[in-house]
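Residue numbering begins at 1 within each chain, and the chains themselves are lettered A, B, C, D and E in the order written.
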């Protein structure tokens, strides 16, 4: 459940371990580990996929002239990650963070390469909201992307590169990194649209028939928004930092494109904040709606009771068994009383009408 | 409906496409596409409108000595936009943003030209609040304005230029851009005034007869304010940036005028924030008002019940059929009891009066 | 009504007009237009008041050696303002802002002169809160002050200058401008004191007998605070900017005095924020108080009903007309039942007492 | 009452007076005015107290080699303050602020001397919260401290100086000023502790038996916190500014100690904010608690009414006087009905039990 | 109890004492005071524990070539702390802060050494949340760590150093300080996880059966979050400052590791803020839930009363004893009335069903 994830941040077995200890943190995927390698420049394009025992064959790709992109599917095998780290000269803390799938989005500049942690959001109506982690290494002419399960997200980019018609082929590794980030940001739009649909549905339920399920849904949406927000804000910050050109690994041309994706993250952030506003307003609406309903219920009760209780009292009076009750003997006593009761009842109704109770 | 728009940001068919792909996003207008070209300087003024097949004839206007203003009505034809982009040397991302009518307001400085995205607000009592997008390109001696439907908004400026008596004719393209922005900002005042009227009406309804419709209206206003706010804040920011003179395309003289329009946007922002405050306060008022009403209803019920239930009990006592009930034989039993009941009832009323319940 | 003003910002006939169009915006005063001119230095002092047709005679006063202060009462005559603008070399936008009596406080530095827009607050128990606009022009040796109605506010300064004993006479135009600003800020203290008294009264009403009038008063105070705040924050900002010495027209000596008046504006801002806090807390108090009262009312109803409904039921039982009801024949049946009823009633009371319901 | 003070900021007779007018603002103390003078260096220590007519004798102490500390008790005599101002070369605005006992804490740097306004808080359970004002002048080798009533607060420092064993004797006037500030900050801890005790008491009352008194107490605490906050935030700011060494009158060594007292003010600020949080949470708790209680009361009423009203109806049926009512003749009619009633009542109780209403 | 601690900040006997007075503030531990000394470099490692009388023997360790770490368990003996201070040249204010176990986290840079105050959090379901204070001194080649009770927290580091296989042995004192800080930050993760579990439990209780205990739990969690927040924010700030390299005592290599622990503190801060959000939302949920329940209870009451009160009235009518009541003689009067009653009751039920009350 979504809520569960929200409250857990760092798993037990990591706490207390010395810094730089390589332990995979997260649920391992069931699919086989693969290494998809793509190497290209404006004229050339080659593609190969290595299996679980062929990690070392990736190493050479960092020193070629072409741009190399190595996409690592499955990070739960610590030894592979360590090998990659040795080949590409990565800091132990980088490897530790790649393995920890519960990290917050961030950008670390290690001069020779940039290290990015991103979150890909998935939202399903039933399963709620969850995020998958992608780690990117951007070197001078290579990009490494690490994820446990969600490799398919980047399939579109590989297809585009292969087709050879796109701008990207002639540009460097920084443009490739931009393209990957762009795909990740696009996933947020998809997730937000689905969430938006569900919020609208909830809004309709709120006005139609609010009950405790509505309340629980609002509560769950609130949780999901908190979680989404925690991925989005640092994402925006890190793309902003890339776009401002704090690192020499990102060229001027790519920065124009990063400004575009930065605009998109601002839009994502605004939408998340808008949703938060709406959801938080729904709780107030719920409370106000319930209060209004209680008021309506009260009015029905009060009108009924205020009309009939005095009448019943009158009937009770003449149901008493005193020996000397002169009215009981009167011939028109009964009908007179009925008339009086009618007048009283109508008077009450008029009174409530004037008070605009119905 | 206003709410629908709020929750949708980026349409499906764009997500996943490579950056720079030119696709129109938004609902196409039914009116024919036209290109209104105006060229002027202090002494001269010429005006021509091209039809759908004459796009290329606009191209020359970027290289004249006079100031040229090309107003493109209808942006859903991708090919035309592409042609314009080629003529005036616009970046593919600029074209992409012009075509996407769901973009947030922004200012991008491409050195040779400035690219501005603005939102024109329209508010109608029935239809709620919606925005139309205008994209401006400010070059050294030309201004391009792109919109789908709302070209009429700029008619006044064309009339003024034609009349030849205004300051604007002797000034450059930057002053023209300022004039367009000024018109856009003026639309916000119009929209806010209409919204203000409706809020006042709602306030009166709130105090007179609050019901679930009031609640839904408050909710809708809240949505509209969120949406309005999302157009206004970036607008203020971008005019602020223009006015500070970050770009060499905006001259010193025009900047004084931009400071004036910047003041106006601050006023718009303040009004929007004021409305938000008022609307958010209305929900609290609604809840407090309903609680007060419930309390009033409760009092009526409680007074009625507290007076008559004990009396009915007494009547019930003497309606019992026990064989030995001495009071029933007393000659003044009946009237004595009626007297006692009267005393009880009056006592209760005095008690409630002291408690200030009525 | 105060609320009306809050929701209107820019009047219809101005929207759409070209920038720099001179139109008076606001309600014209009924009093005659006058121009109070004071010229002084440490030794000299002269004073003259020009009527409606003598505007041009003011023009010379900008070029004298003495400090000149021209106080313009009544700004609804556009031609006069235009003449003043021509004499003292004011920018068209300045004149536009002087004429627009709905402008927010601001400070514009036009190098040769400073342009200040200030708001003088007036608060009356009946009429609520309203502001009058004063525009100041501070030149090298002259000060122009424009207002529609509230010229009397500055009378004290004229008297002090005439008396000749004050520091001000020997100092320049900047000190005069400071003195005018100081008077404006003092008005805020007066207004806040009066509002403070009314808030206290409202607080007492809140605890004594909260009703819908209280609610409406809280709502109105909230509106007034929003409005007051909108005048005060920019005022503080502009005095802060003057005091930091961003302009060469303000001398070092005067800046010490401006620091003092800046302290006062901080105090005003703090008081406004405090009032906002208090008023916003009052709505919560109102709601809590009403809920408490509803609870009390409920208790009275519940105690009455819970005691008498079962007893009435018992009485009803023995009011039934079954032929075979043995208890009815018992000699002590009636008194036994009365005893039982008494025990039940007392038991209930003890139960409610234990529950601390009364 | 605490609330009164909160809403008054600047007294009537000051408003409108020309700047620099010396008028005492505040309630004068009944105790005689005294001037406690202490002069010391590492080896020497002398102490003398001047009476009301001996002001001029203080003047020499600003020019001695030793550090001089003149503590002025009672500031309501304007003439004395004026004399002090002349002796020590103070700006008229400084004297005005010393006399105005309603000033907010601030630090003004007049190059030759620093002017500090501080607030000493006093909290008593009965009387609520109030503050006394202390003004400090820190010159190169002298410190002046002005207050109306609370001179005893600094007694401990005089004792320590006299004893001669403390660090302070060998250090300059800046260390003495630090020691005075430290004492003032310590008073905040004392006040907060007492307030903390009262808040805890209130919390217990809130859970035990919330009533309108609780509500009023919460309201009063809120007021007091607002007031306390208004003294504390500027205090922190001014000590921060002293500690950063913006003035040459404060030496490097003393600055280390000021950093310590700055830490203390942060702690005070945090505690005040914590209290604000807690108090604001208490209002929510109150409202929730009352709602819960109302719900409980409702349940009791509903259970009683829902059980007995139908039964009473049944009894009413058989109390009717129709000639032909066959059940009335049945021998077991009465007991059968009683049985039916019992079954109904038990059924209802089971129903409510399942609904977990009791 | 947690709440108690929150409201107390500085104990009585310290207030008023001159600055730099050495007094232990806090509850002394019962365990014996020990001094654990570890000295190491890449090749060597030695370890010794001194008892209560051997303080002076620690002094030499500040001047060795190896890195020395002296862990002081038990700080309530003022004399020992004073001795340590003399040996290592610590400022009196540092010693005062070490002894005051109620200090807020901070970092003071004394050029020759850094002084850090940290808080170790402990959370137990029963006992609530509490913090222990650790003070660190980081010198050029030594680290001193002072705490009253929680020395065991650092045991893991000692073990790692002894094993000799870790990175730390070859690095300087700054890396050791980093390792200690890392352990402290890890404790926050543990505490937050436990709190998270309890919050989840509370959430379930909130939806299942909200009562006043739930309310009190929410209130307590709120207090704990306030307290936790007060430790975490300054912690983040101080690690941020260390990581930015404001001090020359922290080397470049260690700073990379500090960036990692800084990331962790951000995660801690985010989790704390998330918990605050959730807890504050729970109060709203509680109130909404109670209101919903009240509404449900009201409906049951209203349905029962609205159906049976009119019927009882009808029965009362025919229970009257008027002599002339023609209906009573009718043969089918009784059954006719019963039929009418049934129709009325069913009508009511249909009405309530349409209104969706059940």
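Keep in mind that, in the parts below, contacts are C-beta pairs under 8 Å (C-beta built on N, C-alpha and C of every residue); 3 or more make two chains touch, one makes a residue touch a chain.
All figures in this text were calculated on a predicted structure; none of them were measured in a lab.
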item: Superposing rotation of subunit A relative to subunit E, computed on C-alpha atoms, to nearest 5°; value: 70
item: Rounded Å distance, subunit C centre to subunit E centre (Cα mean); value: 42
item: Centre distance in Å when subunit C and subunit D are each reduced to the mean of their C-alpha atoms; value: 26
item: In subunit E, residues with contacts to at least two other chains; value: 287, 291, 294, 298, 301, 305, 309, 312, 316, 319-321, 325
item: Overall pattern in which the protein chains touch one another (line/ring/star/complete/other); value: ring
item: Subunit A residues touching subunit B - in the complex, by the definition given at the top; value: 156, 160, 166-168, 179, 182-183, 186, 189-190, 192-193, 196-197, 199-200, 203, 207, 256-257, 259-261, 263-264, 266-267, 270-271, 274-275, 277-278, 281, 284-285, 287-289, 291-292, 294-295, 298-299, 301-302, 305-306, 309-310, 312-313, 316-317, 319-325, 356-357
item: Residues of subunit E defined as touching subunit D within the complex; value: 3-4, 6-10, 12, 15-16, 18-20, 91, 93, 96-97, 103-104, 106, 108, 209-212, 215-216, 219, 222-223, 226, 230, 283, 286-287, 290-291, 293-294, 297-298, 300-301, 304-305, 308-309, 311-312, 315-316, 318-321, 325, 327-334, 337-338
